[in-house]
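Each chain gets a letter, A, B, C and D, in the order it is written, and its residues are counted from 1.
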Amino acid sequence: MKKLLFVISAPPYTSKRGTAQLEAAMVAAAFDAEVSLVFRGDGIWSLLPDQSAQQVGQRSFAKVLQALGDYEVDQLYVCLDSLASRGVEAAELMQAEGLDLAAQQLLLAEQDAVIGAAL
Amino acid sequence: MNFVLAVHGAPHNSNSGEHAIGFANAAIAQGHRIERVFFYHDGVLHGLNSQVTPQGENDLCKAWSELADQGIELAVCIASAIKRGVINAEEQARYEKTSHTLAPGFELVGLGQLVAGIQYADRYIEFPQ
Amino acid sequence: MSTESGASALLDQSLDPDGYLRDHLQWSRPIAQQLAARAHIDLTNEHWRIIDLLRDYYARTETAPAMRPLVKLVQTEIDSALGSPYLMQLFGGSPAKMAAKLAGLPRPTNCI
Amino acid sequence: MTLHLVFNLQGLESCLQRRQPADPIVLMGDGTYALSQSDIECFVLREDAAARGITSNGKNIHGIDYAEFVELSTDHNPVVSWAD
């Protein structure tokens, strides 16, 4: 079983890369990979709880995120540095475990592949 | 060694294609195998048959087709592709469009092919831009 | 033209070549029945339980579940003894796909 | 050990924060502009730097071609790309 880390570093409603990453993570879980996700940079905005995406005619990132648990993807992490530099408290966000930079180093090092969401 | 490469940037505003092609050719020259090139996000535009490369610029289409001729799978993410108008004859019929636009040598696949490739390969290398 | 064949012709216009609703918001229970009839499925209460479950799941997650999460959903919400054979008996060879189609979920763009 | 591919300056910053100190870095594409402002030890894809008119005399900078890039990637796992 391979360990795959999906990185979400873009905010949710412009590029839609974040939702594509969630879909890829679900597929990976369905293919028996050990999947984790990390939200960093402006990707942390994906974790705000009250998203009303239908107002802009899009799928709600927050809702799609709810489906991850059904694929037994429960290793969700958020970069504490990215939160601090944006003045966001972990308690304001949906459930994800806060990781400092040192912990992210270790998380990266133990992966077989890292699938990014740059741009 | 077995590689899966991922191309995330479009031909007209990124170096993803040049990087992946440069890597693939060097890897093959060293006796490695490129299992699959997976085109994702804007990278699917590499498979758009109707694009014209201005003279004097890199003709990536030719480089891709040479890789395809060597048996390398050029796998285009179907979900990313249909959104950007990159469709084969089957999708053309399914969505009732007037023409199909997928370049020869490329094929539309599901995200499962990305994951299966990563599971199988020794290395996954992503060219985001 | 009988009412029934009239309704059928109307439905034809609302479906894409693969039999998915062009606009998933058009879904109604009578439409589900017509879609099922075309797939030679006679909708029973057991089918409806799954269809309702899927519609509720979609409202919560805006995704259609793949097979494994669907089985899990059925087991937690209906009966832990039920599995994929049960779903296949109700909806045929690709139950997650067929049930989502009958439930009027948006057609998936990613073929898994 | 992880190999880091860096595609722009923002990517370099994110990478430097999250790599282990001994992990090698390859600057590619617009990542090669980092050579003009940074003295970290790294590899740089020679043709991308040359295309941009970037030169460096730093003794910690190792110019590589695609063949050497392939060798680095066979020696390291995972290979992580950074662009933001």
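Keep in mind that, in the parts below, contacts are C-beta pairs under 8 Å (C-beta built on N, C-alpha and C of every residue); 3 or more make two chains touch, one makes a residue touch a chain.
The structure displayed is predicted, hence computed values, not measured ones.
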Measuring between mean CA coordinates, which chain is farthest from subunit A? C
Whole-angstrom distance, CA centroid of subunit A to CA centroid of subunit C, is 30
Centre-to-centre distance between subunit D and subunit C (centres being mean Cα positions), rounded to whole Å: 50
Find the geometric centre of each of subunit B and subunit D from their Cα atoms only, then give the gap between the two centres in Å, rounded to an integer. 24
So which bits of subunit B are touching at least two other chains? 79, 110-112, 124, 126, 128-129
Per-residue overlap in subunit D, given as positions that touch at least 2 other chains: 7, 77-78, 81, 83
Multi-chain contacts only, two chains or more: what residues does subunit C have there? 110, 112
Between which chains is there touch? A-B, A-C, A-D, B-C, B-D
For a test of understanding, state which residues of subunit B touch subunit C in their complex under the given definition. 77-79, 82-83, 93-96, 109-112
Tell me, which parts of subunit C touch subunit A in their complex? 60-63, 65-69, 72-73, 110, 112
Show me the residue ranges of subunit D that touch subunit A in the complex, using the header's touch definition. 1-2, 7, 11, 14, 17-20, 77-78, 80-84
Within their complex, subunit D touches subunit B through residues 5, 7-8, 28-30, 47-48, 65-67, 69-71, 73-74, 77-79, 81, 83
Which of the residues in subunit A come into contact with subunit B in the complex? 2, 4, 17, 20, 23-24, 27-28, 30-31, 33, 112-116, 118-119
